[in-house]
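Naming follows writing order (A, B, C, D and E), and every chain is counted from residue 1.
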Amino acid sequence: MSATLLELRAVTAGYGDVVVLHEISFSAREGSVTALIGSNGAGKTTTMRCVAGLLRPDNGTIAWRGGVINALSASERVELGISLVPEGRLIFPDFTVEENLSIGAFNPRAKPNRNRRRDEMYGLFPRLRERRGQHAGTMSGGEQQMLALARGLMAEPKLLLLDEPSLGLAPSIISQLFDIVDTVRRMGVTIVIVEQNVHRTLQIADYVYVLENGQIVIHGDAQSCAENPNIKQAYLGLY
Amino acid sequence: MILEVDHVTKRFNGVAAVRGVSFSVPEGAIFGLMGANGAGKTTIFSMIAGNEQPTSGDIRFQGSSIQGLRPWRISRLGIARTFQIVRPFPALTCRENVALAVLYGAGQDSSPARAMRVAGEILNEVKLATVADEEARRLTLVSRKRLEIARALGARPKLLLLDEVLAGLTPMEVEAAVELLRHIHRRYQLTIVMVEHVLRALMRLCTEIAVLDHGEKIAEGSPQAVSADPVVVKAYFGAPQ
Amino acid sequence: MLSFQLLIAALATGSVYALIAVGLNLIYGTMRLLNVAHGDLVMLGAYATYWSFSLLHVDPLIAVPFVGLLAAGIGAAAYFFLFQHFLRTGSLTDRIEANSLLVFFGLSIAIENLASLAFSGNPQAYEYLDRVIRIGSASIVGNRLAALIIALCTCIGVLLFFRLTTLGLAVRAIIQSRDAAEIVGVSARKTYLLTFCIGFGLAGMTGAVVSLYSQIWPFMGFSYTIVGFVIIILGGLGNIVGSIVGGLLLGVLETFGVAAVGANYRSILIYGVFIAIIIIRPQGLFGTKSTAR
Amino acid sequence: EKVRVGYSISRTGLYAVATPVQQQTYELWRDQINAAGGLSIGGKGKRQIEFVSYDDQSEPSKAAQIYEKLISSDKVDLLLSPWGTATHIAVAPVVERHKFPLIGSTASTTLVRDLGAKYMWFTEVTPADFGGDLPKLLGSIGIKRVAIIAMQLPLALETKKFLVPALHQAGIEIVFDQEYPPDIKDMTGLLTSVKGAAPDGVIALSYPNDSMLYLSTAREVGLTAKFQFLEIGPTEAFIQHKFGENLDGIVTIGHWSPDQKAWPKARPFYDAYKARFNEAPDNLDSVVSYMSAEILQQAVEKVGLNHEKIREAIATGTFDTINGLVRFKGATNVGTPNGYLQIQKGVPQIIWPDQIKTADFQPKGPWK
Amino acid sequence: MRPLHDVRIIIAALVTTAAVVVGVLFFASDYFIDFATSLAMWIALSESWTLLSGMTGYVSLGHVVFFGLGGYLTVLTFGMLPIWAALALSGACATGLAVLVGFPCFRVRGPYFVILTFGLSEFVKYIVVNVEARASKFGRLIFGGPDPNEVFLIMVGLAVAAFFLSYFIRRSRLGAGLRGIREDEIAAETTGVPVARLKLIAFGLSALIPGIAGGAFLFRSGYFEPIQAFNPSISFSMITMAVIGGTDDAYGPLIGAVALVTLSELLWANAPEIYMTVLGLLLVVFVIWVPDGIEGRLRNWWKTQRA
């Protein structure tokens, strides 16, 4: 078994007075794909923001290779190797596509390989190469999502956090997305993914956590979850 | 025909996002628009709603051209859109978001008090009643999409343009949402044009679907016909399924 | 009309304008902090140079970098004590324009009045490099020439610094979205701090430069602030080249424009051109249009 | 018990740059009197003076409010004047309403003649004089062609209004005439044009900041007219520091010099001021402020603190000041003659009119 | 949208105002009337500023242009027109100017608008400076205007009008549209809000009362001089009062003006040497640590008291 890369212990978090996460615990092993599923408003995005450092937990610890990183800011966590592909894209609308990618490799680890890496991204998403000079804010919804994904990869992460990466993508790109996730994981990158496309997610995930109302209600390896009747009913539905 | 899109082309400094696209939507229909990313779907919505001007071509609503009208005029004629990349009024509550549409949309209500009441009813309808008095910026992405629908409904449209409002839902939630759309379609006697990548939903809701690729229309027809069309399959799904 | 004398004067005026604008642009163009106290830092820098010259007999040219450092220190203090909190508070950054205007306005009033208590309201000036130097067909007083050279070199230095480091990219990223910037590894804290130091430091240096040829008094700052704002809007927010070009352009307008249309139209001309440019090119001469989808 | 003397002055804002000399002069006056045992009240004993003063922020309406407060709420015994013409004008209705005598100082405008004020007087000469008399000086030294540049602020504009017709009358040709706004930052364009018109006299109706600009730019463009006049500024300390010997030959307004032997109080005042503040008093603002205070002092000495009696005393009396004898006709000082100063070897000398002059006009030499 | 208007509040406000006015006129010293006049003027100005800048988010840094223009027109027409007509003309012209320049100005937003409005007010100022210089005017004095009590009444009238204008607009359809513009202009227009027209209306309305106040102020000072009449610090003061009070409701600018005018009155009287410094620092402290304005603080406090 590989070592635990990321661990959340009894994390409680929220916005102002509103508590969203209630003592969440979960961990991601080095090199694995961990899926986080749950219905709308369950707290998945909130969890991801806690891990990325955009939100400070009110309680509990976030550990990276065993060391507590609660106090680190988001940018410092990027230097550790945590990279978030946020929900709702959060790209830089006034930057060109190329600038968006470049700044993705802002951290010192990634900076030296920036140009090579950017070309790789253009290889993965030819549309981005076509539009390298276009302002990101004018790109179509799906194109922006691709850009967000590519920008996340530019950081050469050790831990890649994907928050609904398939949002707004056409089916052909979605398949490509899952292929990319698979490739990235094979390169040794640990992945935590939040997805509504549960079917495909369960296929590539090693371990699954189900979040409901800010609490983990089910967790287990992907195989057993795929067979879990509750999950089947709630998330696999008629597909 | 409530809406006629007639040989519409849109260029953005050289890039043709939409090229000579035509289609018409019969009154009361639910019309689907699908296509790969960047195919031009949202651009078409923007042109219908007046947020962008077509480079050439004409768009007619209820038989008369709406070319060159400002967005607010078009809204008052009875066309409402949602934004794919949502843009609610962040510091207003959900109720105020919708009430604003009630006051200024095609309904042109003049009383703020009444508008707030109507807004409450609409929020109820789209299942946002519990967050009616939350500021919009506090909502999750999915709820914001729903707020977009509520705000569009608040404008009392005849034609509703829905841009990927089902994205980000779990399969169960998609089911519920499809029912919801059916319900509002009936309840408000709307014509709906919807862009969606969740095919299953389009199949179940639409009477007719147009498919775009690289700015051009490559197919149009019933959901079954379209999804079986090899051109569509190649352009949209990439590898055959 | 196209005399070399006018050109030199335009450069002398314009380069100092540019220096003011570059410093201001860092604070306003990047953080949207409407720093109406910028000119007051210029004033403090001028006094610092004046005192070090008249009391300690420090050569003003040597004082320039030290005054800059001193002002940068004030910038750091301002960041830690005031703006760190300010920039974190959502309700403040919502209306960042108006709110920061008030904070800086308050600071400005306080600084000016403390200065006039401490230094008295009497203007000061000192005699330094006071020879008239001939350059071709033109002549310029030595201290103005020194000011011109320092200001221009500093502007170019700042430009290069921004070209060669990623600081420029980082600040531009932060204004678009602080969260997005953080998750690509741009530290908002560090960037803000650095920007404050450089912006304030440049203001201090401007003061040192200005003191070489101009009178110094506690309320001298406001007019510099105004000039700075006009230029950065002309040149485009966050655009350093734009600020430098805008500054020089204003210098040209000030000398050639006055020579051409008459001094009484000077301010009408300057503000008129400013208004016309903004209306024709709403994003400034060199700014790029931002789009929303 | 102390005599309370109130005034307002602009410590902040637009005017603040000009007001310190006036305030310093007031302080000198108070301290001199207090050191001498106090202000003599109608010959019945002496009382120490205490100031009550406020900052009017360079806003005339604020000044009016302050005098209202000084009179009706602080209940001061006497008033001194604020700085600046606009401020004096704003204050006038207040003192009139309260029938409270006030001797104005650093205000100079013909508008106040029209005020018909009964309780207000002005020690300063008006622009009608220093604008209207200038051609006489020019004529006496043989200047034929002048260029006029003027700041677009009240004093300069008013001076110009009297200057121009007088020039016409004296047959002096105006070869260049332009105004400039207060926020001017560079004069190269303007002075290049002046130079192009080749005048033998340049009249700059200027304020201190732009006087500074004028001096440095005139050197650069090589403006060599033998008569160069700056309305306000050449007597200010900072300009003297900055330009040193280059200031020699510059002419400005002013009717006072410590060297004029006819005014025995002048030199002691100069020395006291210099000793106290380590700089020479301003030939204009310090002098008129001090004169106003002296007149007030002499009136009180004679009749005590009764306002009506003070008014009577001022309106009818003749007062011996550092600038000679002062007498009022209406609100106007008819005792002090108008004059002009020229900086010679760093010292302002009266060069006109002949009866009070302390030196002869010397053509402006080349810039150093 | 704000809660609907409350008749009790309106009546209470009117009664209080009337009582204060009567009290001041009959019992107060001249000095106090002067103070009250200035207070009323600042209420009127900061309320007016909020009509545009608080509601639409277009921050105007040049509102003094309307004030100065009002003063200028009033001084020009003095003696030719009856007082009320001169003031009406001032208001109308200020509104006219706003609508006229609004067309081009609203092409720009955010910081560009802020500085553009400033530039505009300076531009107009220097035009007036030039026109006056051309006419050989070096400041204008007027005699025989309304006496201080009348000016006081006019200013109170303006303050009341500005307050209620702000109060009712916030509770009206117009107010809702303006808030939509502040939040997201594109979304607002797509929802049916005629943004261009609404912005012009807001600009015009927010210029109206400053125009009249500028005229009334002239009667108080008796002296017109363009550099003073168009002094940018007047714009700054409007903003200061509005923001310190809070721009979320009509009470905000009112509270802000009362607080600041009173404070500055107390300070300059009691601590003249350090008064401006203290004022400046208070401003800093207030904005940073009381960000939602006094009004916001009070409202929160009120809420927690009731909860």
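By our rule, a contact is a pair of C-beta atoms (placed from the backbone, for glycine too) under 8 Å apart; a residue touches a chain by one contact, two chains touch by 3 or more.
Keep in mind that what you see is a predicted model, and the values were worked out from it rather than measured.
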Fill in the blank from the handout: Once chain C is disregarded, what remains connected by touching is one piece
Fill in the blank from the handout: Ranking B-E and C-D by C-beta pairs in contact puts on top C-D
Problem - Chain located farthest away, centre of chain B as origin (C-alpha) - result: D
Practice task
Mind checking the centre-to-centre distance between chain B and chain C? Centres are C-alpha means, answer in whole Å.
Solution key: 48
Practice task
For chain B and chain D, let me know how many angstrom lie between their CA-based centres, rounded off.
Solution key: 75
Completion exercise
Note: chain E sits from chain D at a C-alpha centroid distance in Å of 37
Fill in the blank from the handout: Residue ranges of chain C touching at least 2 other chains are 112-113, 226, 264, 267, 292-293
Practice task
Any chance you could list the residues of chain A touching two or more other chains?
Solution key: 138-139
Fill in the blank from the handout: Where chain E touches two or more other chains at once, the residues are 126, 129-130, 133, 186, 276
Completion exercise
The residues of chain E that touch chain D in their complex are 29-31, 34-35, 38, 126, 129-130, 132-133, 136-139, 141, 217, 220-223, 225, 227-228, 231, 233, 268-269, 272, 275-276
Practice task
Going by the contact rule at the top, pick out the chain D residues touching chain E in the complex.
Solution key: 11-14, 53-55, 57, 59-61, 64-65, 68-69, 72-73, 85-86, 89-90, 93, 97, 109, 111, 114-115, 152-158, 160-161, 179, 181-182
Practice task
Mind listing the chain C positions that touch chain E in their complex?
Solution key: 28, 32, 34, 82, 85-86, 89, 91-92, 95, 97-99, 101-103, 105-114, 117, 226, 229-230, 233, 237, 264-265, 267-268, 271-272, 274-275, 278-279, 282-284, 292
Exercise for the section: Would you pull the chain A residues touching chain B in the complex into a rising list? Expected result: 15, 18, 37, 39-41, 45, 87-89, 127, 131, 134, 138-146, 164, 167-173, 175-176, 196, 198, 233-239
Fill in the blank from the handout: Listed in rising order, chain E residues that touch chain B in their complex are 1, 4, 171-173, 176-177, 179-180, 183-184, 186-196
